[in-house]
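Since the structure comes first, as structure tokens, the remarks are kept for the end.
Every chain is named by a letter (A, B, C and D) in the order it is written, and numbering of its residues begins at 1.
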Amino acid sequence: MTQEMITLPARRWSDLGTLRQSGLWRLLGNSRIQLAIAILGPILFLTIFRSMLPLPGPLQTNLQAMTQPPSLGHLFGTDRMGRDILSRTLAGVQISMFVGFAVALLALVVGLVMGTLSGFFGGVIDRIMMAITDIFLAFPSLLLAIGLVSVLGTGMIPVVLAISLSDVPRFIRLQRSMVLSLRNRAYIDAARTVKASQVWLMTRHIIPNTIAPLLVAASIAAANAILVEAGLSFLGLGIMPPEPSLGNLIRDGQSYLEQAWWISTLPGVVILMIAIGLHFLSDGIRQVLDPRSRK
Amino acid sequence: MNFLRPIQALNASPTGQTSLLEVRDLHTHFLTDGGTVKAVNGVSFEIERGERIAIVGESGSGKSAMAMSLLRLLAYPGKVVAGQINLNGRDLNRMSERQLNHIRGREVGTIFQDPMSSLDPVMKIADQMIPPIMRHLDMNSEKARAEAIGWLDRVGIPDAGRRIDAYPFEMSGGMRQRVMIAMALSGRPKLMIADEPTTALDVTIQAQIVELLKELTSETGAGMIFITHDLGLVARFAHKVGVMYAGKLVEFGPVKDIFARPCHPYTQSLLDTIPPVDQAERRKLAQIPGFPPDMKLPLVGCAFKDRCAAAHERCFVEAPDLTLRGPGHRAACWKPEGLGEARRKDAELVPPMTHSEEDRVVVEVFNLHKHFTGRSVLPWKVPPTVRAVNGISLNIREGETLGIVGESGCGKSTVARLLLGLDPATSGDIYVDGMAQMVFQDPASSFNPKMMLADIIQEPLVVTGWGNRMERAARTRELLAQVGLDESYMSRYPNQLSGGQRQRIAIARALALKPSVVVADEPTSALDVSVRAQIINLMVDLKRQLRVSFVFISHDLLTVSYISDKIAVMYLGEVVEYGAADEVFRNPAHPYTQALIAAVPVPDPVAEEARMKKPLSGELPSPLDLPSGCAFASRCPRATDHCRAEKPLLQAYSKSREAACHYAN
Amino acid sequence: MLTYSLKRLAQLFVTVLGVVTLVFFTMRMIPGDPISAMAGDNLSGAALDQMRTQMGLNESLLMQYLTYLGSLAVLDFGNTVTTKLPIIQLILDALPVTVSIAVGTIILTVLISIPLGTLAAYMAHKGHKTLDNAITGVAMVLDLMPSFWTSLVCLLIFSLALGWFPASGTVTIDDPVQLMRRIALPVLVLSMAQIATMARITRTSVLEVLSEDYVRTARSMGWSELRVLFRHALKNAALPIVTVVGLSFGNLLNGTVIVEFIFTLPGIGNLLVGGINSRDYQMVQTLILFYALIFVIINFATDLVYRVFDPRVQF
Amino acid sequence: MKMTRRSWVTSLVAGTMLLGTSLLAPATALAQEKALIVRFYDDPAGFDPANIFRIENENIAFNIFSGLTTYDGVTGELIPDLAESWETDDNITWTFHLRKGVQWQQGYGEFTAEDVIYSFNRILDPATASPYASELSGIESMEAPDPHTLVITLSAANGNFLHTVANYHQGQIVKREAIEAAGDQVRWKPVGTGPYYLESIDVNSQIVLKRHEDYYKGPAPIETLDFQIIKDDATAAIALRNGEIDLLMRQGREEQLQTLEAEGFKMNTVGNYAVSLKVLNLEDPILQDVRVRQAIAHAIDYPSITAAIAPSLQAPAYSILLPWMDVFSEAAPRYEYDPEKARALLAEAGYADGFTLKVLGTSAQGVSEQQQFEIDYLSQVGINMELELVDTPTYNQRRNAGDFMMAGRLLPAVNPDMILFSYLHPDNLAPGGLNGARYDNPELTSTLEAAQADADPQTRMELYAKVQEIAMTDLPYIPATASNVFWPGKQSVTGVNINYLAQVNFWDVDIED
């Protein structure tokens, strides 16, 4: 070799580099994500371990303790049936989080697959896909939800499907537009010069690079889904009471705002915190991904 | 131009001995989350009336930050933290924003790098130009409009009265930069700051703009600070040069002095990295090892010490200050001669390659066409067709390098894509013996950011099912070694690499399948001068060792002529001159080639002074409606009616050269 | 332009046909029909079946679909299934209310969110993160509150405690003052969510524009930061903002459903929910058709507005 | 240019402020004539007596139309309306003496016996497709010997026929000319002989009734009834508290009632207006065991439930009939809360370990608090109550089809026969009829038929008592709760007497200064 070897100056690229590169490390270093963890972490922790807490069951009524304001015995107070609101809120978080994540996951997976095919192959597939998404986007999303809930009946699964039905076209669009911009990247060309297959291009080059922005969108979709579920509950189409989804809790208590503010306000604060946490999370992911913010 | 008079009158007035601009110990910091970047770290210089000063340096040297600091145009988190900026004796750094706004545009005009983004895209030229004139020169709108049209006319905008109502997007890059110049001059400033004003432009347009700036500033008597990384431009343009490295001026002095007797090792190295115009024998280009220091970290000693062959103990302890080396010539180095004897150490001779007619032809292209047809929804409308490649024929032998040059839009990149089979040709034949691989221009988008380098290099192997895992890993190590990188790179990711390292990886990937030809599309144009030399040296070595052929596409004529055996000059989808590199470069036959070469600035102020200064006029016509005759006729100084009527064909000019001009002989 | 219009028209046709078909079959897949929806507690199955036959609901689905398409082709939207009211008239009566709410919301949103977003962007650009964070934080909190909850809180505060706005009352466009008094609170509630979104978009796009080169150019010509902000940055940032305004208008038609219910406003959201609850096929089909048309028209209008803001956009 | 832009901004600001002041200014209304603003709680669905549904619509119709008889708002007794008097010997032939000089609204002339015959025939005409046709199917013939006498002959004896011809559904008398003039818009162009006529309707927001000046009892005190559609209960309460409306047609939220009462509003109410039943599908292998049904009845403590969740709106119910009905029997068995007994009964029936009870419900409000309590109570005796919630149309459809294990029914009726026949007689088995329990006990059937036919009041009462005893022993339906209806209003609004059909005769209503 006539070329001298160029070795990396040690002070610039420490061995931590690879670890840092692994993404997780960088994510954890982001202040927004730390904030998101600070908000979501305790809520999730309490939710997961709520059965170990000294709390009455979320459905357990107590006619001796009806409509009590927050106190040491009932940190969030009780509702009109004497049920402990903290316990119900934590159970609600579990349900709402499930709805949120299920919706996000569903939208993500379907959007990823359909959007990739549509954007990558273009042509007839693309046009049909776009026409279909057009139709779904032209639908008021609430009607989509109402229709689906009516067909499938109420409950967790129909609600998840109903909410994701209006998210999916958006995800398809998002993925498609990213695929379109990635499709002409030089590294795709490089792979094409060695006759890489379409599947190879999609799975190795396109999807890994679109996952992260999709995750950002998904975490917002999760936050939205939690709120939409609350709206559906208000119209009597969400998760059915007494299952204490956060939407149900807020709805149950909203007519008691004057008499017993805590019934709907405290679960409302929790829903807000979750939504804010998810937004911080998406902001954080975005920041970590955006090369400009890395400067 | 009667409106030029007041400035000259002002300049003529006896304002005493103070310089036009005097910068003293300027410090600019960027307060990022990751720490404070000391971008400008104590810069001092002065500029006299009517003087043109060039500030050169590589990216990250702080030259742009310094220029923007002068008028406090830095965006957050940039901040001027200390220093004096005395313009005609008043310290701009102590002025309020409001006071400064009377200086900006009025006393100091600014031209920015990218004409495509420097004008507001949604406002007409008139709306961007006229209000500042009204404000600074206290004119009513009609007078200001007339003034603006006058300036547009002056900077060479044809039909200025009408074009003033155009939007920027309706103009070419060159035209927009002219508009920028007109805007900057319209306040009749005493000082112009031009931040890489020609970097984004084609070489012919660059020559036009440089001439224009030179002419106008000398006419108005304005001083000028010209930020650039192109030493050739400096030689052509500047009275004085400042060389910046790591936020400091390391050398400052009259241009001829600096080029003839550079004192700082960095200046010396920079000058040596440029391919010499003299092609008699090819020597390896000088290259500067290592990286510039991290400006966030505290610096002890000379900033250049890690990369300096002449560094000694003192350099590690104490930073040198600028000291006088000649009349007005200062340098910041402990050694009086800089590198001194060590300077030419690298420059070993490149043994010439032997080519013969027996070498197998690896690429043969015959009458290649590529037309892009738009889509028309209305069936009765004929869709517009762009003839990007319009009948070219080329061939490349084993181990040979073909350089393709031309302005942007001439079709050279399309040829590359056709050679690689990325796009189907409209007609014509491409024959490739073996495989064609590619090195791309933009190192940032060349790699999947989610893949490790080992996977990137191995990708062609995996896709084609070459070898097993062990064999592929071995091949990867071999390839890394060939491009001068060690094994530790295998587990890294693209964003951990510098631009030069990325191009090495790109070359390694291209070589993985042992292709017969590597197509390199502007592989060095995004790189700094010193790194560019490394990549060129690498390619020259590989070509010799592996006898792989290269197609080297670039607008940088000096580099192309240095690396190529043959050159094809393209204009509007056609080859207008084709032949041995040395011959084409030294004795161009086609008027277009001649103009291109004339436009290339040579890093030698003495030679530059002697060169023809009339740049090629006009711009590349639209490829949508090609003329029936010679495509170049519209810009050709020698064009006749015959040229406009009849298309010249590529025909033998000499034994080893062809040209497409009726008057080439 | 002609090409563009033709393309748009074809797109509109396909979208609308798809929407119509989808609604037609979805509505009929939903269990329960208009008759069963009508039935209270004291009607027997036999009595209802008699009505069902009489209303032609026992015909084959395909026949019903073809009949429907046929009547659409001659722009006959028919009557409500159970109450025999002319649907087009109902929609035309309800549309002004909903559109007033939507337009009012957009206006209020734009008036608040664009200065707010611009301010936040400007502050972020200057590195004053605290104010930026405060603005975006408040906007986010507003965005995330469920509208049925804020509706009630607003009613309690503005209607009951302060007595500024009535909670009920007839609404017609003939009485604009009453109309505005009645839609004030719904507009406020809807704006809360919209303001956050739009302020965020404004902030992002203005922030992006502020770091563009031409902003620096304008600064280099001696213009003050404020002038640059409003003359250059905002104008350039308008494009994404217009897109969002267009999109949110579509979303608003959706979002009015809940506020129309709570504030008892006779808008089309009310018609829609009523139509779904009473399984009034004809009503829901026509309404969705309207929604789809509005959606497509708004998209078209957004494109036209693009041209105003950005001369580069050509059709 | 600059000037114009600035002045444009100025005028915009000024305009906004002006608009703001006008927005905040209280609405001024001229109150020369008496007008009452009443909350109406759902979309109006039309007022054609042949095809009328839901109590709120029936309330409007009640004030527009008249029947041969009507219900007293205070006592709930049947009282004369268009018929001044009537006689029958055998509960088969009914002779009605009609009031003279009754004027139709909107100039349709004087009311005669022909109008009654037309109205009843219209209901019976299959072309009308009235769901109430079966109510009148017992009519054999109708004759009008003179314009003010009507003789109706029934095919079978019916002691409760006066309920059938009351001012309710099929009993409301319409005018042939008005019906024919309205064409297919009958439901929106009602013309009756009642105290108010329909002046205008905006199906989205408002129904305006004007008083019928020629009403046979004289014009009503209030000139205009303005029904405002306010669907949300909470909003409606705020509107009343704000003084925007005078009277709430129903308030269904306990907490709002408490607030309104605390603020001094007049709580017009009627108690025990309808009973809410649990319908048990007797074809279900588990529920066909009477012990299981009785166990369920013993297992749930409805008095505690109603006291806990809605002390104003609900009361426990102990029978399929309501105590104010004339044929109500105190002697029928009652099922007090007794979990021990319930467990014992279950064990006897072979379900000592309990079973799963699937309950069909409507999703409109999700699982109600009552249902949650029911789940709790049933779980105490080992019954696992599983709710299946579907939306209202589906719920109605499945309920009518009899497609459930246990469902619910609310029985708003004053005619005890209407309840007993519909729910207990085998002729009315689901899916055709309302007998969703598919209850068929020949003993009860014959007793019921005898009771209806018997002309002697004493025997009739005894037979009805027996019917109730059998029904409450077999327990195809479990009485759960009885509803109370509230129409909270301003103190100045008087005469709001809600009858047992939850209706108010606005002729009695007045506004006092």
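Basically, a contact is a pair of C-beta atoms (placed from the backbone, for glycine too) under 8 Å apart; a residue touches a chain by one contact, two chains touch by 3 or more.
In UniProt terms the chains read B = ABC transporter domain-containing protein; C = ABC transmembrane type-1 domain-containing protein; D = Solute-binding protein family 5 domain-containing protein.
None of the values given here were measured: they were computed from a predicted structure.
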Using direct touches as single steps, what is the fewest number of steps from chain A over to chain D?
1
Which chain pair shows the largest tally of C-beta contacts?
C-D
Name the chain whose C-alpha centroid is farthest from the C-alpha centroid of chain B.
D
How many angstrom lie between the centres of chain C and chain D, each centre taken as the mean Cα position?
37
Dist(centroid_CA(chain B), centroid_CA(chain D)) in Å evaluates to 87
Which whole number of Å gives the spacing of the CA centres of chain A and chain B?
46
Provide the C-alpha centroid distance between chain B and chain C, rounded to the nearest whole angstrom.
51
Where in chain A do residues touch two or more other chains at once?
150, 254-255, 258
Flagged in chain C as touching 2+ other chains are 30-32, 152, 156, 261
At least two other chains touched by the same residue of chain D: list those residues.
234, 390-391, 394
Which chains touch which?
A-B, A-C, A-D, B-C, C-D
Within their complex, state which residues of chain A touch chain D.
59, 61, 63, 66, 80-81, 149-150, 153-154, 233, 236-237, 240-243, 248, 254-256, 258-259
In their shared complex, chain C is touched by residues of chain B numbered 31, 68, 71, 73, 75-77, 97-98, 101-106, 109-110, 112-114, 117-123, 128, 132, 135-136, 167, 169, 180, 183-184, 187, 376-378
Chain C residues touching chain A - in the complex, by the definition given at the top:
11, 14-16, 18-19, 22, 26-27, 29-32, 140-141, 144-149, 152-153, 156, 251, 253-254, 257-258, 261, 272-273, 276, 284, 288, 291-292, 295-296
Under the touch definition given earlier, write down the residues of chain D that touch chain A in their complex.
233-234, 253, 255-256, 258-259, 304, 308-309, 363-369, 372-373, 375-376, 387, 389-391, 394
Parts of chain B lying in touch with chain A, wherever the complex brings them together
32, 289-291, 294, 306, 417, 420-422, 435-438, 440-442, 445-451, 456, 459-460, 463-464, 481-486, 488, 491-493, 495-496, 501, 509-510, 513, 538, 541
